Each structure stands twice: as structure tokens, then as C-alpha cells.
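We call the chains A, B, C, D, E and F, going by the order they appear; numbering starts again at 1 in every chain.
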Amino acid sequence: MEMKQAKRVEITIEAPMETRLTNALDRAGVTGYTILPVLGGSGRSGRWSREGQVSRAGGMVSIICIIRPERLDELLEAAFGVVERHIGVVCVSDCQVLRAERF
Amino acid sequence: MARENQIKQGRPEVIETILGLAAQNLLSPIILFFALGLGAAFVRSDLTIPEAAAKSLSIYLLFAIGFKGGVSVSAHGIDATLILSLIAGLILSFALPFLAFALLRGMTRLSTVDAAAVAGHYGSISIVTFVAATSVLQSQGIASEGYLVAVAAVMEAPAILSALWIVARFSTSAEAKEREQDTQGLWREILLNGSIVLLVGSFLIGFLTGEDGLKEIESFIVSPFKGVLCLFLLDMGLVAGRGLRASAHQLRPGLISFGILMPVLGSAAGLIAASLIGLSTGGAVLLMTLSASASYIAVPAAMRVALPEANPSIYLTMSLGITFPFNLTLGIPLYLSVAQAVGG
Amino acid sequence: MARENQIKQGRPEVIETILGLAAQNLLSPIILFFALGLGAAFVRSDLTIPEAAAKSLSIYLLFAIGFKGGVSVSAHGIDATLILSLIAGLILSFALPFLAFALLRGMTRLSTVDAAAVAGHYGSISIVTFVAATSVLQSQGIASEGYLVAVAAVMEAPAILSALWIVARFSTSAEAKEREQDTQGLWREILLNGSIVLLVGSFLIGFLTGEDGLKEIESFIVSPFKGVLCLFLLDMGLVAGRGLRASAHQLRPGLISFGILMPVLGSAAGLIAASLIGLSTGGAVLLMTLSASASYIAVPAAMRVALPEANPSIYLTMSLGITFPFNLTLGIPLYLSVAQAVGG
Amino acid sequence: MARENQIKQGRPEVIETILGLAAQNLLSPIILFFALGLGAAFVRSDLTIPEAAAKSLSIYLLFAIGFKGGVSVSAHGIDATLILSLIAGLILSFALPFLAFALLRGMTRLSTVDAAAVAGHYGSISIVTFVAATSVLQSQGIASEGYLVAVAAVMEAPAILSALWIVARFSTSAEAKEREQDTQGLWREILLNGSIVLLVGSFLIGFLTGEDGLKEIESFIVSPFKGVLCLFLLDMGLVAGRGLRASAHQLRPGLISFGILMPVLGSAAGLIAASLIGLSTGGAVLLMTLSASASYIAVPAAMRVALPEANPSIYLTMSLGITFPFNLTLGIPLYLSVAQAVGG
Amino acid sequence: MEMKQAKRVEITIEAPMETRLTNALDRAGVTGYTILPVLGGSGRSGRWSREGQVSRAGGMVSIICIIRPERLDELLEAAFGVVERHIGVVCVSDCQVLRAERF
Amino acid sequence: MEMKQAKRVEITIEAPMETRLTNALDRAGVTGYTILPVLGGSGRSGRWSREGQVSRAGGMVSIICIIRPERLDELLEAAFGVVERHIGVVCVSDCQVLRAERF
């Protein structure tokens, strides 16, 4: 199988910021991403769990974005603008993709 | 015995009524299920209502309360006080955060941003507290204006604006600018948030279809309502209890006092407004309850977007852990007694 | 006034009845909640029904409608027209996609695969449209054959076969072969898909337990039914609205016309079948509605597996965004009036 | 005909009653929906009840059954047999795993750990089996003691202790030590697990609010109960069927026999206890059913934590795939007939 | 802790294809995988979100498969046969695993 | 964007063990993690799926933990103590993070 090098960016962010982040990604020309639900977690602002939230403010989502290496900086720039003042985690790793023409 | 009688006679009648009502209220299944949730959270039981179920329960409540409000307006007709009540709701929601902010600065050491965020919650409302008050009125056979549901909807959002305005007044211009950018789109989000749309939409549909419409769906939204409310309050108890357990260390005496004083002052403001407008006793109780209650759905979400540096555990604990249970147990009976004393 | 009367008298009576029925229909809570969902989606409100809740609502509807259908058959007995109706349903579901495909080739520029996929949806059925028709019949006091629920189940799947056959006719043999491999297992999936199994299973259980069984669970499946339907249609409105907003650019006039013309032609085919079989007026309306309605659950899933190159936003938008609301608002009153004009 | 009559007269009356009851029972919607679920799983339909919906259904059942139990105790008053029944429940739950373990060692080739894990399940209880028995009693017009709901709660956990004790007896000391560490915190988890807290809490609330409380939420927890139970049993059927299909190869004849013999022996123990205490016939049936039923919620979760080396597919299949359907279809009618023969 | 080199394959695919993919993996001898729910996403075929799907056709799932490096090609071969004509993303990265005997 | 090297640990474990694992992580000083729901999977103990579980015993969760490389061993030690006798998978990969001061 022919595979091509790419970057996998994983951004965990509060649910009310989801649309802002994906809009920022869209504006930066990043139109491929997948959103995963998050059940709970822990960080500097303490532990939380989805069951036990009345408010949708409490939840988080994880956005996975696979992208060509040369476009990584653009993406991070766009994401950082949204994430900056908010809690959340941005993590990048190397990966390889099939059907590279899609990215 | 004789002494007890003496003391009893010495008490003002109003307090007696409050205590009687409160005692009765405390033994209603609704309150007991809230207490069960609180208790389960305190002993760290793993009891949870699935998130989708909790959301569905709240959709059901908004749907039912909105629809019934609309039907009741269609039955009794639109009168002048309706418009006045909507305006009063707007003003209360705008104004109460300023009162709350002043109190918080006096009573606690919260930062400006945290204090503004908390203040925003107290201008907005809690629909479940409203429903609980409705249910107390019902059990006492006291009528109220159906359109207060619409007033509830109107009071959800303006307080957010006040909170942001307070912060803007106190921040450096650079920060404020950045914030403005962030709040782009926030307004449409707040005004079109799911709860408001569902509540207002159901209200309008109830108004349009009237008693005929109600008859069609009565056995879905009227008869099982109280039972659903019990489950919802069980969930609220669980959430409030878990919040309290996690944030107990942040609850300084000043904050706790605020969480009880503020709803009482809020209800006073509501009572004044109700008297000026000329609402019925039941209507006054509901407007007092709306003014006294604090948001835990719409405002927290808006604050996470617009004021991310405000600590969510403070405002959620205040609103859900202190003021909500206070209103549910003592507040509503208090507001009812006062309204009856003033109105009767 | 005199002129108006003249015009009024000039109109054929059927149209008047349709308009009257439609107006009445448009003010039913069911339609209004669908409209609320549409509206909320158009203004980009974040109102959503949790996925699990939407699935549960649809399980409830299939459970209730199947069970009640079975009870009604057990009460009225099996007659010869039952078998004939099932056969008619099969034939309609097989045949309507060919009509739809021909129309689409004439009226639009869709590719073969897209046209075949859309055509498949119009041979199959929408159970909520069926339920809405039942509810209109009920409110008009018109009886219908209970086994039409079984006919609905029978009509779900055959249209998929027709769609695949149409594609096979027009593809190169290499592609077709590959596709065949993919469709291994598809058949068992389609025939045993959850909605069909639940609908048919509940039907059989209703048939077996009859009125006694119904009495046991009546207050779960009969009285709250309309209210649940309101919530379900709110969700459908949200989904249809979001789909329309996202795919509005693909809605060329040809496609829109097809989405309205096809159900009307489908209902005509249903009416002919109903007359040949000898269904009651109510039964004819239901068979017309089934023929006129388009699938948005079973067929899209099958198409994603078997015809992945067909564009899902086209067929979902057509089915949910055009034909479903058309049937709900104007279609059903139209079919009822026509059936009454022909049958009465 | 004459011969048939002869045979019929030859049969002991009890068996006839059992068969009659079983036949009647088998045609109740509850059982038929369980069968539908089983069938759908066997033919590999993709029908599923969303996880959140299944959890909500079970929350509803615990809420309703607990509340109604509490109300019934508050109506009939607390009598001496209540305490005795709770003690009997405790003893049964502790003791039955030893009986089960002995049988399993004799009848099957399960390892010590697997046998102990299975044994633990049979000392604990299945609340849905209990509910099904209540519903059979109801349809036969037989009264029972409301506090048996509390006995059910009491019987959930002790069996886990017995299972762990059995394993400890048979393991090397090193393994046992490691296990002990793991079971730290397990006890609070088991005793405060969601089902127990909700069941006991609702029971207490029902007891405190009594008939008045019931009246308020009656149309939520009483009238729709059977219908909700149907959906729940549909889900149970799906789960049991999928479990059976996946683990059919592990079902040696010895295991299957155990899965049917054990509930019968358990019910005998329950009957003896009921006679000693002096429960009514209905109460005896319920205590027999509790003793006969096997856990599939609390105990499996505890076993995954405390005995991870035990194979979950064995104990889940035994409990859900063999014993649950046996009790539901034949067991309960059997226990009823025996209790009537003994008690009457 | 002794760790061994492995490959982590992440396949995001439409829900109706899930069983076909896991069956293909089973046939290829790949019997270890974990399926994660997906809330929504965006790609060449546009944005979508799970809430707001009447049809189960709309959803996607993400299948994570950790495998010994030498078995990767087999896995990709099998997966590609299913994914080929469908939308979705295949992404491979390096990882290390505890308890290597399990893979 | 300034990024720092880190490790991404992904632990898939049975739901009833979740609290034990996060408590063990907390004790080891690992206070940042995100918990993802798992729909189903397959392993040496067979296939399973969340829909179709009466018992909460059946489900699994996936815990993602991003950590500075030098703290990896501590984390694995703590996790292994919990996972050891249970089914589940531990997988570690390299990654880079924004806002490194948070980890």
C-alpha cells in the first residue's frame, strides 16, 4: 500500500468552543476533521465527568485533524487563536495515510 | 406546653405560615428526590442519569411548561399586563446582575471577572425552580398568569449582557477588544439557544392550538409531568451534590451568605415589579421566583465562551449548590407567604 | 362579497375541502412542532434532540403503531383483502422506483447512480408520514384497515432491489460485479433491519394478545402517543431544516418539482391499487400515503453500503426536505379529499 | 377424547395449574416482547435499544417499583415479619452461593474461580424477574407484602461476599493478598451502587409521602408501567439472545441443567423461609422468585473488578441466557402454583 | 517497563460499513480492535453531525487497531478492500505497547 | 508555534476499572487525562458491543494521557499495577504539544 507522511493533530476543547474552532479551521482552509465525544477528564481545572453535567458548558470534545505536514503551521496558528484563552490540549503526532490525495 | 403556646403566639403569623408551607413542601416527592440525589452524591454512589436522558427530561419540561403556558394565555386572553410583565422581566434581568455584583464585591473576595460571571447567573433564571413554584401554587390551588412562562424566556439572556458590560468596564482595553472578537456570534447563540427556542416555540404553539391542542397531548404533558419532574430533580440533586463535593473548599462563608441573601433580595425586586404591574398573587410568586433563581444552563455556557478566565466551579456551585436548593426548599414557601401577606 | 361567492362557487368542491383540511391540518400541534424544528434549524439555533432520545422516540412509534395495528387486525379478523393489500404493497414498492427514475431522467440532470438512488427512496415508505395520516384520519373519525401497518413493513425494502437493478442495467459489467460482492449480506441486513423487525414483531404481538394485551399497555402506547409524535416531529423538523440549509444549493427547480410531483403520482398509483383491492376510504388514504412517501431511514443506509458513489445529500434532502413536509402539510389532506371524492 | 380425559385426570392438579398459568403467561405482551428480542438477536437483526434508553428504562423501573413498595408499606404499616423478611433475605443471599458452588462442582467442570463467580450471581437477585412476578400476581389478583422490594435490595450484595470468600478459601495466599488490595473500595461501590441507592431511596420516599405522594405521580409510575416493561424486556431479549449466540459453544449440558435446577432449588429455599416467617402466598411467590433469580447487573460489575480472571461470558450467559428466561416463562408460574398448593 | 514496537491504525468509516470492515479484519486474522463513536466531522463530502441524523446511515465510527509491524500490510490490504469505494480515512502511526504477547 | 516533545499514552480498560485507574494515576502525580467512550471492540476475550450490554460491567473506556517523556515510566508503573490482572491495552506514542507548561 502506498502511504504518505502526514500529521495528526488532536485538540481537546470545551464543547461550547467547538463551532468556533471548526469555523477557524475552515477559514484556514482545513476542511477535514473528525469530532470525538469525551466522557470526562482531569486537568489543571480539576476532574469532570459528562454524566453529572446539567449544563452543556461542562462537556468537552476532541477534534482529530489529519493534514499534510506543510500545512501544519497554518492549522496550529488558526487553532491557537481559538484555544489560547481557553482550557484544552493540542497534541501533534506523525502518521502515514492511505489515499493521500484526499488530504 | 403553656410556654410553647406563648412562644407560638409570639411568632408573627407569616413565619408560621412559611414554616408550615416549608414543612409541607419538604415532604413533597419532588424535594425528596432532589434530596436523594444530593445524598447519593455525598456518599459517592455511582448512581447517574445518562446524559441523553437528562437532556430529554429537560426538553420534556420546556415543551410541557411552554405549551401549557401558551394554552393558558390563549384561554384567558392577552391583557395589558402581559406586555408590562415582559418589560419588567427584561429590566429585572438587566438590573439584578448589578445588585449581585455590588453585593459580591462587598461580601466576598472574588476577582472582578469571577464576580461578574456569578452576577450574570443571578440575573438570569432557572426554569426548574419556576416549575417547582408552579407546582407549589397548584397544590395550594392558587392561580397564576400563564404568560409568565414567556417572561421566564425573556429573562434568560439579558443578564449575560450586563455581566459582560461589567467586565468591560473593569478591564484594560486590549483585553476587552480581544473579548469582543470572541463574543462575535455569541449573541445569536444566546438568543437562539435551544432552551429559549423550545420554550418560546412551545408557548406559541400552545397559544395557537389552545385548549383543543392541549386535549390532544394532555396525557403526555399534563398527567405524567410531576413524575418526570421527580426524575429530573433526582438528576439535579446528583449534579448539585457532586458539584458541592468537588468545590466545597471554595465555599467561603461570604459566598454562601450571598447565595442565600441574593435570591431573597431578588425576590423583593420581583415583588415590587409584580405590585407595580398588578399581577395576581400567584403571578407575583412566580415573578419573585424567577428573580430569585439563578441560571445553570444558558449562562454558564455563555460564560465559558465569553469569560473563559472566570472559574466555572464557583458560579456553578453557587447557582446549583446553594441558591437552587435554597429556593426549592425554603425560598418558594417564603415568597408565597410574603406575596400572600402583601397581596391578600 | 357577491363576487367572492361567485368565485367560491366556481371552485371545484374538492379543492375547497382540501384547503379546509389543509388549514385545519396546518394548525395541528404535530405540524406546528415540525415547523418549529424547521424554523430553529433555519435560524441556526443549537436546539437538538439527543441521538439516543430520537432513536427511542422512533422505537416507541414503531412499537405503538405495530401493536395497535395487530390488535385491530385481531379485532376485525383477517379478510381476503389483507393478502391482496400485502401483494399490492410489494408491487408498488417494486414498481414506483421505475416511475421515479423515468421522471428524474426527464426532469433533472442527475447521474444514473444518483437518480437510481433517489428513485429507490420513493418506492419505499416513511412510517412517520403514515402515522401522521393515521392521526388525520382519526381526528376526522374515518376508520381504516389495521393491517396497513403490515403493508407499510412490506413496502420498506423491495424498492432497494429495484434501485440496484436499475444501476446494474446501466453500469459496465466490471463495476456491477464489484458491487455484487459488496451487496453480499446486504439483503439480510435490509430485511432484518431494526425498524422492520420491531414493526412486524409488535404487529404480531398485538395480533396475538389482542384487546386484552392492549388494555394492559394502553396508557403507554395510546394516550401519550400524540405528544410523543410532537417531539418526534420537532426532531424531524430540525433534521430536515439542517439538511435543507446544507444542501440548498443542490436543489435545482427540476429536483424540487420532482419532490412534489412524484408523491402525487405515487398516491395515484396507491389509489388505483386501493380501488382494485376494495379498501375502505381510510385504507385508501393510507395506501396512497405510503405510496407517496419516501424513505429516510432504511433506504439511505442501504444506499451507503451498496451505492456509495451516490450523493447522500441529494437523496436525503429530497426525501426529508421536500417530500416529507409536502406530504405532511398538503399531501395528506389532498389524498384524503381525493379518496373521499372517489370513494364516497 | 375419552382417553385424553383419562390422561388429564391422571395428571396431578398442580402440574395442570402450572401449565395453564405458564400458557397464559407465555401469551402476555411482556413475555412476547422478550421473545421478540431473543428472535431478533438470533436472526442477527440490527435492532438495538440505545444504551442511554436502556439505562433510563431501568432507572424508571427501580424508581417506580421502589416508590410503590414504599407506599404499600406506609399503607399497611410495618409489621414484625418485615424485619424477619429482611433477615431472611440477607441469609438467603449469603447462603445460596454455597449451594450453587457445590452444585457447580458436582455438575460442571468449571474452574474454582469461574464456579465461585457464577455462584455469586445466583445468591443475588434480578429486579426484572421480581417485577415480572409482581405483574403475574397482579393479573391473578393476589396480594403481596410491599416491603419485599426492600428485601430485594438487601439481597443484591451479600452473595458477592460469599463468592469472594469461596475463592479465598481455595486460592494461594499470595493471590488472595493481591485480590484484597483490589477489593479495597469494592465494598462501598457495591453497597452504594446506583440500583440499590435508587431502589431504597424511592422506597423510603414512597414510604414517607404515602398515598398522597403516589397520587401526584401515579400517572407516571403506575399506568404506563407495563408498557415500559415491554420495551425493557425487548431489550433484555436482545441482550440475552446476543449473549447466547456468542457463547453457545460454552453451554455444556451440565451448565444448562444447573441454570434450571438452581433456580428451582433456590425457590424451595425461599419457600421454606417464607413459611417460617409467615408471608402471604403472594409474598412467598416473590421471595421464591428473588431466591430463584440471578443477578446480571450488580454482581457482574463486582466480579470484573474483584475476580477478573473469571470468564464473564460464562456467568452472564448462565444468568441472562438460561435462568432469566426460565424464570420468566416457566419458573414464576411454577413458584406460584407451588406456593398456592402449600399455602392454600 | 518492557515495551515493544507496534503500529496503530485508525480507520474512520461510515457506520453502516462497520460490520463489513470488522469482518474483513477478522478474515485477515486481525482480531484486536477498539471502536470509538464519532460525533461529527467534515471532509470532502461536507460537514455532518451525529445529532441531527434521522438515519443511521449518517454516522461514522473510528476503529483503532494496534498490530505488530510485520502484520500491517495484511491489515491495510483487508481494510482497503472495504474502504476503497467509500468515504473515510485510514491513518497509521508508530507506537509502543506493554504486554506485547497480546498482539 | 513552539512545540515540545511529549508522550501520548492510550489505555483501553473495562469501565468498572476506570476510577481505580484514574485514582492510581492521581496518586502517581499524573493529573492530566481525557476519557473517551468506547462503542465496542474485539480482543482475546472475543467481540463485544456497548449496545447490547445490560450490565455496566461490559463496557470499556479509553483513557488518553499526554505526559512529559521523563514521567512516562512512573505513569506506566502506576497504570500497570491496575491493568495487570485485567483485560485491556496500553499503547504509547510520541507526540508534540503546544503550551508545554501545562504538562
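Methods note: a residue touches a chain if its C-beta (ideal position, glycine included) is under 8 Å from a C-beta of that chain, and two chains touch if they have at least 3 such contacts.
As the structure is a computational prediction, the values presented were derived from the model and not from experiment.
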What are the chains that chain C and chain F both touch? D, E
Chain located farthest away, centre of chain F as origin (C-alpha): C
With centres defined as the mean of Cα atoms, the chain at greatest distance from chain D is chain A
Residue-number overlap at the chain C/chain D interface, same or different (half cut): different
Approximate Å spacing (C-alpha centroids) for the pair chain A, chain F: 19
Roughly how far is chain A from chain B, centre to centre by C-alpha average, rounded to an integer in Å? 35
Per the C-alpha means, the centres of chain A and chain C lie apart by a whole-Å value of 39
Sites on chain E at which at least two other chains make contact: 36-37, 47, 93-94
Going by residue number, chain B touches two or more other chains at 48-53, 56, 219, 224
Pairwise, the chains that touch are A-B, A-E, A-F, B-C, B-D, C-D, C-E, D-F, E-F
Once bound in the complex, which stretches of chain B touch chain C? 50-53, 55-56, 59-60, 63, 67, 188-189, 192-194, 197-198, 201-202, 205, 208-209, 213, 216-217, 219-221, 224
Residues of chain D touching chain C in their complex? 27-29, 32-33, 36, 39-40, 43-53, 56, 219, 223-228, 230-231, 234
Per the contact definition, I'd like the list of chain A residues that touch chain F in the complex. 12, 36-44, 47, 49, 60, 62, 73, 76-77, 80, 83, 89-94
With touch defined as at the start, can you tell me which chain A residues reach chain E in the complex? 1, 3, 6, 8, 22, 26, 31-37, 61, 64, 66, 93-99, 102
Mind pulling up the chain F residues that touch chain D in the complex? 14, 16-17, 20, 45-47, 50-58, 85-87
